[in-house]
């Protein structure tokens, strides 16, 4: 046979030997430290409480709110529609599967945004996509949305609009005095459940 | 080489063909993230045709309706364009190497008619089999092997294993 | 330029069809130029007088696999984003066996039959007509096959995971096996009586 | 089989393919920063109180002139210029893995000192701290307060003005109760209501201990 085939076979085998020396895949799939640092330095991962509230009220099916606090704090109070993945259990296979849904926006939150940001860093390192942090966490959410402060009469129109939006959202989640009189609030009542159901369905489909 | 290049008997070195094909396959994966395929185009065409002739029937059938969605016509499936490309590429190669000729290729021991019937039957079986295996030799076996998928390699072994067996049974058709 | 380009959004989806046409052209050219438009040449693999299918098929698979593995290693493409056909144990094997039978009868596979059509092979046209009828029959009788078609889905599993091997080891063994087969093929070809076609 | 004898183009193609791979391998930039902790180990860091410095501890460390502690300011250079902890080194977040920063950390490590990272808020120091810990620095601590708490003249006045959100739940149960109590609860909402509201009373009675 042609001598060149020996050469070609040699090339093929040596490429194969090269493959043998490649490291195991799963460690390589992590985001490298330098990229991770760049991601940490990028504040676009923070979503505001108003933004999240807006999406909750509009029952965005791609929104998945994740409470990373311990179960006791979660059961005490949490944002409606959130699921509870305590930060210690974040790396378990079933939770990673749920977080690995490409079509969902996963938003971590804790009481403030520290623990949630730590969860975000670990998950980002694991190569998860479309993950975010709720800026200020439940505390800020509670204080801006549930306890929305009425702006002064002299405040600009935007501030008043924001206040009205927050009040409406609060009614949407927890009901209110003017219920019945406000068609928006009644119409949206059912949607709280839809949001929950949607997120439940999605997480179920993950495994 | 230049002399016999155009008389239709010239073929490129099979390893060269293999490397070329491998690079095309690799390019397909690199660009689209999916492998090559051929039977998918047939499926798309059948689904579209059935849908055009009998829309209600297509919607009722569970298999057709899997591939019918309201917004995107299955005909726009990129495999169809890929098959058009195959036809163009094959035609180009046939032109270069002088193989363009309308004919029935068959073993001297059998008639053209027999060959055509066998080809039709073979195509029919291949059509059924490719739906079972979710891809044909190119879509499931070749593309699957490139990414080392289990379905690709198992399908490849099943195809070649049974083809070896049956080719001896149908030996008369060939030699 | 980290691949795969279209899923990564480097190339807009609107280019899909143009790319499909070009890649298909390359595919068709490689097949035809290697002789896959001739059913008797293809069948040579099974009777031992011409191993062109074996050579092209395995060279292509090994080349593409090597390219993907190296590009993934070098970070030029993300192999985890590649589409993996789901592995349905029963239907893959049954489908493979049926296809093998069709292969032995028809002498083509779908891709090569399109090449045959391109250069005017009438038998390839009949084969393709058969393909359409076959797909149609399958779809019409789908309720009969549904159970088997959907049974035992293992998902997009890789062969080395199934065998409990490391990917790199399996890839290396595949390359060695391919080279060994090429050597064996040359050996068999010398022994077997030539067939004119 | 004469086509098997024509190998020139094949050889050229294969060699070109191999060349691309070789060029790729040569130009491959190995990341010079590597993780030394697995994700699970990093997760374990988060609950370790020995890895953080509370504001009280920080103030004692600042007064202690033994030179055992180096404060690292991860804020941007403008904020650093305006004011910073005495003798602090400025390493903005984005420059954490720059060669200059690495040599600085190496020196600190060599001198047996301890680096305390602080930012405008704890949140800002958190990322760099976790990154350094994950990439193998064992002498890096995180300051758990905000920068204002380190700045003596600012500490008392500013701290009260800024709203603070800490990891302690700060849910005003009274406000929530008043909202839900006054609402005519329909059966639809009741489900969410109960789940969200009822346990709050419990934490309220326990004095918000957690």
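Just so it is clear, A, B, C and D label the chains in written order, and each chain counts residues from 1 on its own.
Note that a contact is a pair of C-beta atoms (placed from the backbone, for glycine too) under 8 Å apart; a residue touches a chain by one contact, two chains touch by 3 or more.
Small disclaimer: the values here were computed from a predicted structure and weren't measured.
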item: Closest chain to the centre of mass proxy, which here is the mean CA position; value: A
item: Subunit C and subunit D: spacing of chain centres that average the CA atoms, whole Å; value: 49
item: Centroid spacing, where centroids are CA-atom means, of subunit A and subunit C in whole angstrom; value: 40
item: Distance from subunit C to subunit B - Cα centre to Cα centre, in angstrom; value: 9
item: Centre-of-Cα separation between subunit B and subunit A, whole angstrom; value: 44
item: Touching two or more other chains - residues of subunit A; value: 5, 8, 15
item: Sequence positions of subunit C contacting 2 or more other chains; value: 62-63, 66-67, 70-71, 167, 171, 182, 186
item: Two or more partner chains touched - positions in subunit B; value: 11-12, 14-16, 19-20, 23
item: Contact pairs between chains, per stated definition; value: A-C, A-D, B-C, B-D, C-D
item: Subunit B residues touching subunit C - in the complex, by the definition given at the top; value: 11-12, 14-36, 38-39, 42-43, 45-47, 50, 61-64, 76, 78-94, 96-97, 99-107, 115-171, 173-175
item: Footprint of subunit D on subunit C - complex, ascending; value: 50, 63, 66-67, 70-71, 74-76, 186, 189
item: Subunit A - residues contacting subunit C, complex; value: 1, 5, 9, 12-13, 15-22, 24-25, 28-29
item: Contact footprint of subunit D on subunit B as seen in their complex; value: 1, 10-16, 19-20, 23
item: Touching residues (chain side subunit C, partner subunit A) in the complex; value: 62, 66, 69-70, 73, 80, 166-169, 171-172, 175-176, 178-179, 182-183, 186
